[in-house]
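What follows is a pair of complexes built around chain A, which joins chain B in one and chain C in the other.
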Partner chain A sequence: MVSANEEQRTEKIPVWDLPDVPSGNLPAHLELQRTRTVCTNDAPIHTENIQYSGAYASMGVDNSMRFEKFCKNFRVEVIRLGDDEMEFDMVGIDASLANAFRRILISELPTMAIENVLVANNTSVVQDEVLAHRLGLIPLKVDPRLFNYKSENDQPSEKNTIVFKLHSRCEKKSSRINVKSSELKWLPGGSEFALSTEKPTQDSTSKVKTYTSFTCSQDSLPEFSSNPIAPTHDDITLAVLGPGQEIELEAHAVKGMGKTHAKWSPVATAWYRMLPEVILLQEIEDEKAEELIKKCPVNVFDIEDIGKGRKRATVARPRSCTLCRECIRGDDWDKLVALQRVKDHFIFTIESTGALPPDVLFTEAVKILEDKCERVITEMS
Partner chain B sequence: MEHGSFNDPSQGTFSMTDEDHTLANSIRFTLNQDPRVTFCGYSIPHPSDARVNIRIQTTGDPAREVLKDSCQDQMLVCQHVRSTFDQAVMEFKSKKALKSLESMDIKS
Partner chain C sequence: MKNRQLHRDENVLFAGYKLPHPLQYKILLRIHTTSQSSPMQAYNQAINDLDKELDHLKNEFEVALARHTGKQQTHEY
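Presenting the complex of A and B:
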């Protein structure tokens, strides 16, 4: 016969049901693995994100994302905001979403850029195609949301095309001149070049057919009457003309996306980095502290006086850490300093080319991701 | 759009045209966060056609409903990101305006 005492001993108790195992919380080492990337001397570890909702189910920890939980944890803090550059912290979001925003910013936000160049005369040393390419890369200061895409067989109209004129000549016997982007003149009425296929009409009152068919002048539209369309920068050199050389052309800008050609990308760059975290695992004092300060090339550490002539190292500027690992090189330094990155804290930087301010670009990017989701839903139902 | 068995709605592969890692990776994350999903992954069969395949296996719920719910969840998340961001930007701008106003007061 088995005694009650023995029966209790044979009963299997899962390890996580033991009273000293905290429930609802992950053990410290797993929490570190989940939330931090640790930078060791030879390579970073715990770089992967644990996405599966049931990853810690056996420990009674729910890894699924509840919307309320997300709302509670998510926050944004603007660090810098200028006309064409901004930096902000985005905390409490997964890398897959942050990366989606970044990818959209670079390749799926539309802008206007010069796509077709009609060269009437080019006697400069810059070949037509090279000049056209240079023109294409000029950022234009115009809100792309006011225009439509122009597809292959669309007529260029005031809703999908912006026309610029460039006519520059270097007189004989004068010195060389630089043709700058400021010489691109906006033609709100559309192209001024007559279609060559069109037969000259006897009736002089009828309008000559040109390469565009605008129904009205763009500057009569309220959006453009107050702020005329022009390149963002007026000091971009397009070509250098020698004496007697001339360029006469018309440039047609259309709406496009960065994934077709980088000239349509609204950002110079958009990138993020995860927040660096520098932790002193032990007190580092006196000579050791001086040595640590000398080791760091970006000046992350400071020295603080703790009285009696003793000094202690502190982490003063962890944000500027590049995780170069100089401070954990050699002599067991990795036992004194830990370098980590916070997995859900993103320092986002957006450099706009000038078409839209960077904060508007980001909201537009988020909207595009929303539209993508909506497209999937509508296509499936 | 949907490939997969007609007998078993709890699993399926969904093929989306004109999409890439941008949507697929974020949707995979949202799907993996759904407790009803047992497996989820995506692939781009060939780099030169714009198409992703998303594979979903669930504990029993129809895979297409789970995918739709995930899209809905992701839209909610996006909306929250947008409103939080707009608010942060507005706060930053007003703080900056206040600061410049103060410095003007000091000068005058």
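Presenting the complex of A and C:
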């Protein structure tokens, strides 16, 4: 940056060219403050995110966010993917985005769950409302995207309701029976309980009006003809019947969101944590090394031999660190080991209840967030 | 999140939000910009950027998922 003019005058070197000022990069301690949360013995420090674009303007470092910079820094890695559970890493996003996804996964993804229960006969020891509550919490193995929401004025139709039947009785002289969720039978044709009308119609050729008005049977739809709708788990105990007791009811399931009631939440839970980083500030040898690996309950440290019978401690599995801070407890240990968290590397774990696989759940959550953004844009213009 | 986006914009001098009461869903958003752009423009820009970022995020996720299932299948053989 020393131009020809300046060379002719005295040796005026601009500040940026001084040898110890790195241009475009922050010095190490500021970079630490910006990207890592240090977990000391008492409490974590540097937890806030430096958002302001001009924060490091005096050092010549641009903290502003460009779309291209996001695309360059962002990375996703799937660690584990099962039917019900998945663990994946997202690097390069902000804590607010991660939290937004977590919140949407828990409360704003729609699912189907039993809402109305029509009880014809219940002589068991479980009260009607308790039984209805238990039925509502059963997860159903059905894709909620195939259904519409049902508002209060809507007629229950095959597009917004799923009907189940439960009829169980325990004969006298037999022992107690457990009513399991496998006894919930799907009725693709709609409700079978007849609505009582004021004027009884005489002709038997007209269809009896029931509690739902299905125009066609649900198993004629291609999605359901090969896989019938059922609860995800067959072995959930609903009630216990003694001899002579009977339960006969019909349950209607509708679409809803976790915001209204937790039974409509599609995840058992969803959480994230930031990637832990364990740094050895000094060389730890021999007895101190042995002591260190004994301290850690999740075996983050390992011993390695450096010849001549001497040993050294290394950090082998920082990812499994739970930040219990055992390794920095005691005198002087916090000068040897530093515990940090990387602020923009999130380890997400999603456990689904079975209605939708977890990767689909996450994609849907991103779509919902996009929808919200678009809604705000259209509202503004 | 919109705040974070607004902070990243160089033209924004001040951006903040307030919820007058936690039980009522109302947010007051205050944006000051330089004379180079108007607050509406900065806000629209921020939301559009957020939208694009989310799109990119979704695509990356699907790519990573495909990579992972591909790796799993080769392990099985």
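In the analysis below, the second predicted complex is superposed on the first by the 358 of 381 C-alpha atoms of A that agree within 3 Å, B and C clash if a C-alpha of one lies under 4 Å from a C-alpha of the other, contacts with A are read in each partner's own complex, and residues count from 1 in each chain.
Keep this in mind: a residue touches a chain if its C-beta (ideal position, glycine included) is under 8 Å from a C-beta of that chain, and two chains touch if they have at least 3 such contacts.
Just so it is clear, the model here is predicted, and its values are computed rather than measured.
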item: Room on chain A for both chain B and chain C (clash or fit); value: clash
item: Which superposed partner A:S226 touches (first chain B, second chain C, both, neither); value: neither
item: Partner chain in contact with A:E379 - chain B first, chain C second, else both or neither; value: first
item: Partner chain in contact with A:S151 - chain B first, chain C second, else both or neither; value: neither
item: First (chain B), second (chain C), both or neither touched by A:R103; value: first
item: Touching partner for A:L369 - first (chain B), second (chain C), both, neither; value: both
item: Contacts of A:Q282 with chain B and chain C, given as first, second, both or neither; value: neither
item: Residues of chain A contacting chain B in one complex and chain C in the other; value: 49, 51-54, 63-65, 67, 70-71, 74-78, 81, 88, 90, 93-94, 96-97, 100, 359, 362-363, 366-367, 369-370, 373-374, 376-377, 380-381
item: Of chain A, residues touching chain B in the complex; value: 49, 51-54, 62-65, 67, 70-71, 74-78, 81, 88, 90, 93-94, 96-97, 99-101, 103-104, 108, 359, 362-363, 366-367, 369-370, 372-374, 376-377, 379-381
item: Residue ranges of chain B in contact with chain A within the complex; value: 1-2, 14, 16, 19-23, 25-30, 32-35, 37, 64, 67-68, 71-82, 84-89, 91-93, 96
item: Contact set on chain C toward chain A in their complex; value: 1-5, 7-10, 12, 40, 43-44, 47-58, 60-65, 67-69, 72
item: List of chain A residues in touch with chain C within their complex; value: 49, 51-54, 63-67, 70-71, 74-78, 81, 88, 90, 93-94, 96-97, 100, 359, 362-363, 366-367, 369-370, 373-374, 376-377, 380-381
